[in-house]
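The following block contains the structure, expressed as structure tokens.
In order of appearance the chains are A, B, C, D and E, and numbering begins at 1 in each one.
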Amino acid sequence: MQTESPAAPVTAPAAVTGAARRERAGSNAVRGAVGALIALAVWEIAPRIGLVSSTDLPPVSTVLRVLVREAGTSAYWTAIGETVYAWLLGLLIATALAIVLGFSLALLPAVRAFTTSTVEFLRPIPSVALIPLAVIVYGTGLGSTLLLVVYAAFWQIYVQVLAGVADVDPVAEETARSFRFSRWARIRHVTWPSALPYVLTGVRLGAAVALILAVTVELVIGAPGLGAEIAVARSGTEPALVYALVLTTGVLGVLVNVGVRAGERRLLRWHASVRREVPV
Amino acid sequence: MSLVLKPLRWFLLPVILIGVWWAASAGGQNFYLPTPDAVVRAFGPTWTPATLRADVLPSVVRLLAGFAIAGLVGVAAGTAIGLSPRLRAYSEPVLEFLRAVPPPVLIPVVMLFAGIDNTMKVTVIVFGCVWPVLLNTIEGVRAVDPVLDEVCRAYRISGLTRLRTLVLRGASPQIMTGLRQALAIAIILMVISEMFAASSGLGFTIVQFQRGYAIPEMWTGIILLGLLGILLAGLFGLAERVILRWYFGLRRAARDGGN
Amino acid sequence: GCGGSSGSEVKTEGGNAQVTVGTIPIVDVAPIYLGKEKGFFSKRNIDLTLKTAAGGAAIVPSVMSGEYQVGFSNFTSLLLARDKGLPLKVVSNGVSSTGVQGKDFGAIVVAGNSPIKTPKDLSGKRVAVNTLKNIGDTAVRNSIRKDGGDPATVKLVELPFPDMPPALAGGRVDAAFVVEPQLSQTLAAGARPITSTYVDLAPNLSVAGYFVTEKLLASDKDLVTRFTEAIQESLAYADAHPDEVRQVLTSYTKITPDLIPKLTLPKWPVEVNKESVATLGELATSDKLLSKAPDLNALYAD
Amino acid sequence: MAAQTETALLEITGLRKSYGDFEAIRDVSVALAAGELVCLVGPSGCGKTTLLKCAAGLMRPSGGTVTLSGTPVTAPPADLAVVFQEYGRSLFPWLTVRRNVELPLKEKKLGRAERNRLIDEALSAVGLADRGDAYPWQLSGGMQQRVAIARAVAYQPSVMLMDEPFAAVDAQTRADLEDLIRSIWQKFGVTILFVTHDIDEAVYLGERVIVLSSAPTVVQETLSVDLPAARDQLTTRADPRFTELRAHVYAEIQAAKKRAPAPATD
Amino acid sequence: MAAQTETALLEITGLRKSYGDFEAIRDVSVALAAGELVCLVGPSGCGKTTLLKCAAGLMRPSGGTVTLSGTPVTAPPADLAVVFQEYGRSLFPWLTVRRNVELPLKEKKLGRAERNRLIDEALSAVGLADRGDAYPWQLSGGMQQRVAIARAVAYQPSVMLMDEPFAAVDAQTRADLEDLIRSIWQKFGVTILFVTHDIDEAVYLGERVIVLSSAPTVVQETLSVDLPAARDQLTTRADPRFTELRAHVYAEIQAAKKRAPAPATD
């Protein structure tokens, strides 16, 4: 029987705090940039070595030159503004609708039973097929774009919300019930946080689809915005301009993702997916 | 009681909606909104067995091919990316970029590489509907229970077995959600892809009707799309019930006492 | 009139009528842009707004709904619309073929090394047109038929104009029916024209026109008349001043400056060549695009 | 037992529960008088958790009734707190320890100051006063379990159902928590149904110990613990009567485990 | 302990572990000879699970080394089995009980007949022979824990790390399982590191009992259990030496819980 004397001097562990996390985020940004650079290099080289015709797919340097030229015009920024406005507004409406409907349907099985058939019928109807309807109701202005953007993005988020609501840990749910949380409190404190990872994935999916629809509607019916610019550019003869505008669209998509990701890191700090990647 | 209620649940809302439609379209002032009976009357002549075979079948085949490829690619890539934070960091901006590119402007680019035939259309479908699968797989894989992960590591369950029994199974509820979304998008993209360089197909036919001002016929096409969607969603639900039996069982067990 | 509150016309403070026209960003509508610049509309108390849409299919519903007062569309589309009972009326010619073989703004082109020499050789081949079951469709079949080929065997593929040059260059299609500016673009890339399609169709074919709804015509005849006068002045002016047309193109299209001088411009006669539209109608009827022979008189406002 | 039934607060009568074809509980009747502390022991898998969930109104029994103060329990009644066996999963991972304890109090519409007082008291009672800002997944198993206990204690329920609440804590902490429960029980007159596998604990804590048979489950024996009300870890456990009782319970559980269940029809 | 170190199979030297700013383990050195059965006790939250995970190569320590047969452990080594404290979550909910036990055996490339034999043996040893086709979520907590034990036992490891493996089972089953572990240990010469909160269990099972202090953790005491190798639930527990040892461990844990941790630098 012997007792070991407590610890010899020990160097204090490196404080792994905000600094390290920022460093990690920084290195991720660098990695993302590296990935993007590789993609850009492929784009630059493919037309240059004749893999594709450079008139069909101009090298990225040409596209960037055109992009810089366009960035000097106010029309370019106006178009971005129009698209972004329709997009974000549409996304906001779709998100709110999807969350409200998704939660109420998930929690009111009766309502759900009555709406399933209609929902399953409406869901696959392509938003593009509704363009004529949108034009009748709203003409070619913002209203049409919004209608279609909301319609398309809604389903993306809605399906995620339903799945998320179904994925609540049963023990957590029982805990809440045992403390007689009101229905609302259960939604607010148990269902909502559990579903949040799903909802955020839904928002990311919806954001992309909303952007796609905003641009497509502008493209097809000529509502003002980036899509209309692309339509005009396409009927012109400068492919690089089309690609410059497409590039702009893509960059908008990346920016939104960065935003949602940042929100995710904050909101889902507790979730297995995030906490595993935060240094311990 | 439930014998009456069940069908009622299914049909009540659609019946109300059709009623609303009827009221809105009655009088026929609006050229673009025909009455439901006009649409129903147009259905038979428009969708004969011959047109179904010529226009709907190729579309559905392309749709299923695209969906299957997107499912495979999405799950495979999603698993790889979900498992490796490093890979995710490298690829995320590029993927997000590609995801944000609208398929209609992408189609010309795809045509450069994949031609204008089925390959192009399937490529477009794959390109568009791979995202929900990919994203959901990534998130599902990331969220695999840490304790189970440790069990696998402790028993040195690695490689394919780990993938099959832990990663994919753990992520399967979310993967199925992604696939469900992808199915709906695949239908949308089937239509979009057939708006370009097509000479047959359901989407093509709908657009033709729309351009030719054959409005009731156009609506029959849209309704057919909806029916196709219901059918596919139903089949998907069956598959899901089999694949996620443990999951539904687990939830039901927990809810057994629920009110 | 009874349509005073229909919302299809809004008076501004200056007493000008607000007119929105749906156009397509192509060469064909240059006169209206030029006319607006020249003040042909404002001097008739018309406050003109030009909106571009992707094609006639998007313009017609907007005109029907009153969002646009006037639209621009090709005659086949308009015949189709009337065939289905849409109450549209053509108020003016829009654009016409030059009528000169080999020197028109649209042509069927093939790759430089293609064995296809004349339209007859297109039998059994893949030909790109911008919209199926529309004017391009009719025109290509007509050229083949006229040349002694079999229009039934040609495989028409729908492809937007901008996508035709790469598809042709990549051998995805054997021939393409292109219009300016893609025509100049393909020619510059080594393609070879085999026929001026619109010229084959009818002498001095009227391709497209400006249209309004019957409702507007009934409720505000005066406005329609003023618009018609203005657009016709614009057409005449454009026809007479090709350099100014080329200039105005830079304002609403994205055609590269080096290509603009090389473009073959269409003709912009004031009057619709009704005979050519009748030919279009006959061909469309025999191709089963129309359900019955069109009532051509009902098509025109005057 | 008939005497107790008349004044019973929580009364479970003829409870049956089958999961599909599997008959878990065949026939269990238990009655708790107001302010009673009853311990429930039984072989693993005999249906203690099931019984508790039925008593809490979280699960619908296949047969029999549960009443609280005479009214049937169909949903969790007011002023009841449950400590779940799966303590880890019963904590909300998105909330810190404090917030986990606070949430039911908020639902109870207590003021902030009151809430803070209760949280502080409960957390120090379970020895976690300094870990309030940690997330549950940053805690060890035993700590998580203590958070779940703190949550129930802070709630100040009038009925408390506890499912092996001390299974994951060390001996010393366990002793402290046992005394905590006894003192709460004595101070506030809480009615407690306490599931445990530790026979010493059952005897030390309870006024009665109910031994269940293995599934299909019936009540094997009800045992009154005739130890003095003031109990103490040292003296009580040294009491020969304590040893006697624990030996008795142990023998009963052994019997329960071995006993071939009686046929369904009698 | 110096003597043991030379022949040590599993050797943990100067282990440190911090979670962010929180210093969980300050300095722990433990050495297990091949075929030794060592029990680890300590206050809740002192770092037993952490230590076990580091030993299993599941977690990287902040400092110090872990070696198995002289080679550093960076990933879980071959022939090692772990029973996790979070037993419920350590079972695959999409696999039946049998498949859960079978999975690691498949990975070990055992033939089907061999696998079935091992599964049957292990499941009957833990008393679950008839529940092989159930899913884990159809089992009670104690049953789930026994499945996790069966999985480890069927694996026939040479090193077994067990984290409070009997916390959720009843007294009788617990006694049976204790004897099961001892018999496996004696038969196959498995090296076992066993975490428990039950002091009697620690003394009954172990050849040595290591008592940890509370966090920041050091080894508070190492105690050789000088009871005869052939142990028996009745006679061993009645042995006065047993009572002496358990009283000693209890006092140590009490001391560990109360001791103010030494300052980090000195």
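As a working rule, a contact is a pair of C-beta atoms (placed from the backbone, for glycine too) under 8 Å apart; a residue touches a chain by one contact, two chains touch by 3 or more.
Just so you know, these numbers come straight off a predicted model, no measurement behind them.
J.: Quick one: how many steps at least from chain C to chain E, stepping chain to touching chain?
T.: Shortest path length, in steps: 2.
J.: Most remote chain relative to chain D, going by C-alpha centroids?
T.: C
J.: Per the definition at the top, count C-beta pairs in contact and tell me whether A-B or B-C has more.
T.: Contact tally favours A-B.
J.: State the chain with the largest centre-to-centre distance from chain E, centres being mean CA positions.
T.: Of all chains, C has its centre farthest from that of chain E.
J.: Roughly how many whole angstrom separate the Cα centroids of chain C and chain D?
T.: Centres of chain C and chain D (C-alpha means) sit 83 Å apart.
J.: Whole-Å distance, chain A centre to chain D centre, using C-alpha means?
T.: Computed value for the inter-centroid distance: 47 Å.
J.: Find the geometric centre of each of chain B and chain C from their Cα atoms only, then give the gap between the two centres in Å, rounded to an integer.
T.: 38
J.: Provide the list of chain D residues touching at least two other chains, using ranges where the numbers run on.
T.: Only 19, 53, 58, 75, 86, 89 qualify.
J.: Mind pulling the chain B residues that touch 2 or more other chains?
T.: Within chain B, residues 32, 108, 112, 145, 210, 250, 253-254 contact more than one other chain.
J.: Among all residues of chain C, which ones touch two or more of the remaining chains?
T.: In chain C, residues 61, 64, 160, 162, 166 touch at least two other chains, as defined above.
J.: List the residues on chain B that touch chain A in their complex, please.
T.: Contact set of chain B toward chain A: 9-14, 17, 30, 32-33, 85-86, 89-94, 96-106, 108-109, 112-113, 131-132, 135-136, 139, 142-146, 173-174, 177, 180-181, 183-185, 187-188, 191-192, 195, 203, 206, 210, 218, 221-222, 225-230, 232-234, 250-251, 253-255, 258.
J.: Help me check something: in the complex, which residues belonging to chain E touch chain B?
T.: Per the touch definition, chain E meets chain B at residues 53, 56-58, 75-76, 78, 80-82, 84, 86, 89-90, 92-95, 103-104, 106-107, 135, 137-138, 151, 155.
J.: Mind listing the chain A positions that touch chain B in their complex?
T.: Answer in residue numbers: 27-28, 31-36, 38-39, 52-53, 56-57, 113-118, 120-130, 132-133, 136, 152, 155-156, 159-160, 163, 166-167, 170-171, 173-174, 177, 197-198, 201, 204-205, 208-209, 211-213, 215-216, 219-220, 227, 230, 234, 242, 246, 249-254, 256-257, 261, 271-273, 276-277.
J.: Can you check the complex and tell me which residues of chain A touch chain C?
T.: Residue list for chain A touching chain C: 53, 55-56, 131-132, 135-136, 139-141, 219-222, 228, 231-238, 241-242.
J.: Along chain D, where are the residues that touch chain E in the complex?
T.: Where chain D meets chain E, its residues are 19, 41-49, 85-86, 88-89, 127, 138-143, 146, 164, 167-174, 197-199, 250, 253-254, 257.
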